[in-house]
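As structure tokens, the structure follows; a few thoughts come after it.
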Amino acid sequence: MATVRLLSDEEATAEARAVFDDIRATRGTDYVNHFWRGLANDPQALAQVWQEVKSVMGPGSIDPLAKEMIYIAVSVANACTYCIHSHTAAARGKGMTDAQHSELMRIVGLAAKTNHLVNAMQLPVDEAFQVGTGRQS
Amino acid sequence: MATVRLLSDEEATAEARAVFDDIRATRGTDYVNHFWRGLANDPQALAQVWQEVKSVMGPGSIDPLAKEMIYIAVSVANACTYCIHSHTAAARGKGMTDAQHSELMRIVGLAAKTNHLVNAMQLPVDEAFQVGTGRQS
Amino acid sequence: MATVRLLSDEEATAEARAVFDDIRATRGTDYVNHFWRGLANDPQALAQVWQEVKSVMGPGSIDPLAKEMIYIAVSVANACTYCIHSHTAAARGKGMTDAQHSELMRIVGLAAKTNHLVNAMQLPVDEAFQVGTGRQS
Amino acid sequence: MATVRLLSDEEATAEARAVFDDIRATRGTDYVNHFWRGLANDPQALAQVWQEVKSVMGPGSIDPLAKEMIYIAVSVANACTYCIHSHTAAARGKGMTDAQHSELMRIVGLAAKTNHLVNAMQLPVDEAFQVGTGRQS
Amino acid sequence: MATVRLLSDEEATAEARAVFDDIRATRGTDYVNHFWRGLANDPQALAQVWQEVKSVMGPGSIDPLAKEMIYIAVSVANACTYCIHSHTAAARGKGMTDAQHSELMRIVGLAAKTNHLVNAMQLPVDEAFQVGTGRQS
Amino acid sequence: MATVRLLSDEEATAEARAVFDDIRATRGTDYVNHFWRGLANDPQALAQVWQEVKSVMGPGSIDPLAKEMIYIAVSVANACTYCIHSHTAAARGKGMTDAQHSELMRIVGLAAKTNHLVNAMQLPVDEAFQVGTGRQS
């Protein structure tokens, strides 16, 4: 059960339906997933978030599949069940292989481990990082 | 101030110094950053984490720079100050441009926003995601 | 499934039942929700938490509905499914309109986005914030 | 130290300076805080975030001070040092009293405590919450 | 539904099956739980994580039951549903009483509350903590 | 800088000073750390939190040092800088050895890694965990 109603096309306002239509056209499918149907309760927010997703996840300086993997990484750290499912599906749709998924999970797991080790040690930041010499943890 | 001592080469055990030396050889620099000097209080953990970092962040099926950006994304979501600094420096060392850094931040910011929107709505996962049709939030 | 048993009135100790009764009297309903039935395994904790909830969420200097929205905001950020459901229901019971729920979600989403942007940038705190001049991010 | 440069008016692009000017005009002050000077490295993101802040935090169905307190609550849960400082200053600028700040902290603290108790117990959501009867945890 | 397939013994590679066998031998049971069957998609990661679990959770300087309770505490704070279930079951298998479980939850709840209070107040760290005089919050 | 004033004995109310005195008597030291001096802005909250700390962290069914390590674990996961420092100092005051601190960090790091792996895989909970057979991840 959700805390908001998931609006069908018939229940959505004209403004929301226009976003649904753009989602369909952009993605080349009739399917509009729950995220958008929940957001449709606030048509202005729906339009804003969809524009932001199109802009941020569209062509840019980072590879589209890498973008989806970054999205998954944040969603895992924030424990967002729905987001992990939707963006893992999206990444697979963009060609993520099983090997890449496994490697992504290794990176996320290692980062979480070192994040917690570092927080436990409360380390001062190295001066060297300030000048961008490229040292990693 | 840290909760552990940052060990100099002289203070580290022989096992820890061997890891320091491998870090230096692998990275082609004399500099060993605070993370490793803190971990050196537990030489076995130091060796294990360094092996894991070398293995996970080494050559694989995901581009090395994309790996660093995934690492940054997790570290931001986990609010790890030191990790954000060290991996941003590492990403720059691997060629991350200002445009890519800006785009990374846009993705991380958008993901966090939709993570919270989705958590607030408590959306049920679409059946469609199960068959890997590649729809994103 | 839960990690603890949800105690019925018959299974609860006399101390726990007394808390159940106070919950019923305070809320004007016979229904005692799962949170209290789980906590009833530790009657002293049950009594302490109920007193704290009554004290903190009772009349004070912040509007009762605003208090519930603050509670939802924390629960969303901490990804607590049950809490999001229970406090969204509570907020609706205190008169939260659909427009207010939508606006709450926009604020939570924006805050999460800027939290992550700020963490990524590792910004130093402005001196100006110290004197309380009221500038926001 | 930050992971990006904080741009002065002279270093910012014309597009970024236009946002700075709108911030100044909207807030009635010459001071532009670090958040915007860091974001100015990505003028398009700067403009987008500023528009979103103006829209979301502007007049609506929730009291302006309650909005700031919700923002603080999310920022505390996400452990965003800068955000906590900037939005606490903003809330004080909008009239938050010491009593309200104390009460806000009590709510945030209680919510975090019950969030963790609930996560530990892994409680199933009550059917009653689905019909909006307004029961709280 | 999971984002990866849970591999049966027949579907797993020989390397993964060898880990399954070691899990069975170490634990004295035929049952291999979902975590390992999901990780089996990446046999090398499966082997690495199993070795780390055996090493870290095996005999050492901290009591085995205390180790499980620490594991639960982290899992609750990170909102990991599966982990909370699996490690609560593991702790019970190692003798955790109902009284200890209740006390664990009180500590986790209190820690979360003070964590959020402290984050809200943005307290400077006391000099006294640096010399290890043992003062607690 | 903090978002609240740290009150000296002279600035605190009589109610707050009485708590300071009880802290001193209970701990056998004159030193009152920043946490209590910040909370003293809300004397009622100060008294409530101090009572809860005394009750929860006092004698019970879990070893006092294990309690402190659980507290540290939650604080690390919640990225609370001050709390990590104060409770690491407290644990050392209660006899935590360097070996135990190292082992604690290994557990916390491993838990965080598996928490993220599990969240990424979105595993269904095993039926076996429901009957308390004691299997761990």
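Just so it is clear, A, B, C, D, E and F label the chains in written order, and each chain counts residues from 1 on its own.
One rule holds for everything that comes next: a residue touches a chain if its C-beta (ideal position, glycine included) is under 8 Å from a C-beta of that chain, and two chains touch if they have at least 3 such contacts.
Keep in mind that what you see is a predicted model, and the values were worked out from it rather than measured.
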#### Entry: Third chains touching both chain E and chain D
A, B, C, F
### Query
Looking at A-D and C-D, which one has the bigger number of contacting C-beta pairs?
C-D
### Task
Specify, for the interface formed by the sequence copies chain D and chain F, whether it is same or different in terms of residue numbers shared by both sides, with half as the dividing line.
different
### Message
Since chain C and chain F are copies of the same chain sequence, what is the angle of the rotation superposing the Cα atoms of one on the other, rounded to the nearest 5°?
### Response
180
### Query
How far is the middle of chain B from the middle of chain C, if each middle is the mean of its Cα atoms, in Å?
33
### Task
Let me have the rounded angstrom distance from the C-alpha centre of chain A over to the C-alpha centre of chain B, please.
18
### Whole-Å gap between the CA centroids of chain A and chain C
26
### Query
Hey, what residues on chain D touch two or more of the other chains?
1, 3-4, 52, 74, 76-81, 84-85, 88, 104-106, 108, 110-117, 119-122, 125, 129
### Task
Would you mind writing out the residues of chain E in touch with chain A in their complex?
1, 3-4, 41-42, 45, 74, 78-80
### Message
Taking the touch rule as given, give the residues of chain D at its contact with chain A in the complex, in rising order.
### Response
1, 48, 52, 125, 129-130
### Query
Okay, in this complex, where on chain F does chain E touch?
1-4, 6, 27, 29, 31, 33-35, 38-39, 49, 52-53, 56-57, 60-63, 66-71, 73-78, 80-83, 85-94, 97, 99-100, 103-104, 106-108, 110-126, 128-129, 132-137
### Message
Quick check on the complex: what are the chain B residues that touch chain C?
### Response
72, 76-77, 79, 81, 84-85, 88, 104-105, 108-117, 119-122
### Query
Considering the complex alone, what residue numbers of chain E touch chain C?
79, 84-85, 88, 98, 101-102, 105-106, 116
